[in-house]
């Protein structure tokens, strides 16, 4: 045994590759992988994708206005946001739950950097939400009947909501390190939403305090030209981004960060959030109100008109691609008519009611101009037979205002013209009537004021639709003048068209 | 001596791995040590014998009762004391309250007798003067002793202790050995540990487990004898040894098949244990 | 079952989480008295449901036991210990719910029996999930996972349930009675699941049963 004195070896500095921030990114990647594979995230993602696949094809009956489709992408990511909040919260609390904080707290990577890594781990989930939002919007845009243009700011709301939820989850975990807090905070959030939705007035209806929540929905389903919508989408996106950044930086502060740059960043983020938050609640600009008035009462100043097959179609610039579809319907109906109506020249004008923006839901008044038909911004589904009914009614009555007087046998002709050319006439008859029935009297919807059918007229129309199309069409053309004469009764019309006479008198004949 | 615990063919799978692979054993009164590397299945075997988890296959009886039925399991548990590997506590309880709580769960219903028993057992583990302290304020070693007291309360006939000396300083370990040796008189104790000195000093039988199977079942002298003539010293690391490490004096201690003329050393229990493990290499 | 056992279980009961849920529930119900203007029965029902959700989230932590592994091998049956915890919390829950119902002004209060059925079903489903978590996993404190699952279900189920199986109806809705019949079925199913999950399993669940071997009389050793 010999003891040899050796010189103490010189301390060697281990090569720290990359430094602290590289470690933060590496930790963030690790946590992100864990976050995306947790069960609540996978379930939320499955439910979100299922919702996209289920809702997108039928959105606005397959002919979406993209300025509505972008808003439609906002509610799905809320589910991802909920899952991200719970999972990010659980991830930060993991070291407290498993009693590893005593060890981790003294490691090289400080707690505030670990908090920053948790915050960054939420970003891939937000990117995933962004990909899904883009997919959903792209699908809507690729549908053949889509018109209009979407707003990038509206599309950003979904991913920003996910970021905001993640930042909130991490902040809650840093402030109150108990596993109970996040679920209770969500319940508290529900409470505030319910309470303030139920009690506090929403400002002037369109702006106001309702913009403080991440996802602001509209109650109407009428599409408007993009420049008349008046939603402060860009300010709202700025507000959400600023709020998410503020919560994130507060979480880093709560995790122990103390650099003065951090305080400055918090101030900057808060400024962003306040700017966006206050600007978005500002009142509507006067120019917008004036533009809406103009579009509602004198749309001809904003519209472009095209001529197709002898008729003129005037639409707002974003809807001009749809004029061909309208022309197709009008040409079908004209081809079935007889006499001079066969070559009638229509003016199909698109009209909206934008006085209250998206919050309004007023019906459009009938026009008095002869042979002018009103068309709305929606298409597909029930809108097609409604437009057909309006065109047929104007063709027979002369103007939209006179369609109110269509209570006699001319209704039979009008309804047959409107429905017989459709792929499934009986289903279209159901769709165009208010109560979805094929028997009895009912209200018939059209693009402006509705019309009325008696039970007798319904029976006649139903029988006509079930007969071979060609024979009825020949009779209609042959007896056009008698069928469209005022005061013709339904019984006479039925006789002319070769079906059984209806029971009961017409409304006008009473 | 009739065995108090008799097991045959115990098997348990976690996913794809056999945590226990056809384990059979008999335990009699006294202290039996369970040695083995990590992942050998020691904790799983102890959990099965403590009725904390049922085995997939095989059976065992303790004191003549079969825990495969609910009634049998109750009977076994009435005679059982279990110290798990990472014992958990209610941190707000005091040491006394926690052991008292476990005593109630062990069906010691008479309050006076129970409190006397709890005090006795806490004195036995040397925690008599910190009875009223909250567990979250106790040191790691003290918490370990609270868990041991919880296992001992009620005077069970069969004690299952999973690495009970973890976290104890040498003086406390000595005290523990005394405790366990005392407990072994008149009781059956199954003790799993990494410390071969504990086994050498305490146990009248030792089991070596690896890969879910029992590799050795005998007395500590028998295990040591396995290494007789197979331990030698050398000045350089011997590549032909099964295991070798550098001692504090600078020479190397090797275990395996010694070359001719090697400087043989007296075997210890640890050497026998190392030789029993299949192909396990110990890095210096 | 003795007084000592009841006292011991009471002492070990994690009261903080249900208490927090209860207090939050009381505050939410009390907020109905703050609403100005017309009494809104929709708001009363919505806030009652939110209060029930808050309490159920607290109940998710009721079966947490940090000493689960230390007390794994005691003769007192798990069904008895868990059952005692549930029995001890039931009268407190009943008192709390009564208070919550009375906090809501009578002109905003929905039919008491129906909304009590909903709250009871929510609490029982939560407890059944906690019991299942204890039975199927080794986790001593499954509370956070159960709470997250409950919250998720509470948010997603009203959106994804098809119309025929709708559970969330509002006052005056013609589907109110049908929806509450479904709630009753949900409560019954949860009670059955709760009772089935209480006892500690004697055998491990095995898809394929193998023949069991008995220990031999002479105690022969296996390999």
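We just call them A, B and C in the order they show up, numbering each chain from 1.
Assume contacts are C-beta pairs under 8 Å (C-beta built on N, C-alpha and C of every residue); 3 or more make two chains touch, one makes a residue touch a chain.
Fair warning: this is a prediction, and the values are worked out from it, not measured in the lab.
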Farthest chain relative to chain A (centres taken as mean CA coordinates): B
Chain whose Cα centroid lies nearest the overall Cα centroid: C
Rounded Å distance between chain A and chain C, as computed from the means of their C-alpha atoms: 37
Chain B and chain C, separation of their C-alpha mean positions in angstrom: 39
Whole-Å gap separating chain A and chain B, where each centre is the average of the chain's CA atoms: 66
Complex interface listing, chain C residues touching chain A: 16-17, 20-21, 24, 28, 31, 35-37, 40, 42-43, 46-47, 50, 53-54, 57-58, 60-61, 141, 143-144, 147-152, 155-156, 159-160
Residues of chain A defined as touching chain C within the complex: 40, 43-44, 47, 51, 79, 82-83, 86, 90, 93, 97, 179-180, 183-184, 186-188, 190-191, 194-195, 198-199
Residue numbers on chain C that touch chain B, as the complex places them: 2, 4-5, 7-8, 11-12, 66-77, 81, 140, 199, 201-204, 206, 210, 212-216, 219-223
Chain B to chain C touching residues, read off their complex: 3, 6-9, 12, 22-26, 47, 50-61, 67-70, 73-74, 77-78, 80-84, 86-91, 93, 97-98, 100-102, 104-107, 109, 111, 114, 147, 150, 160, 213-214, 217
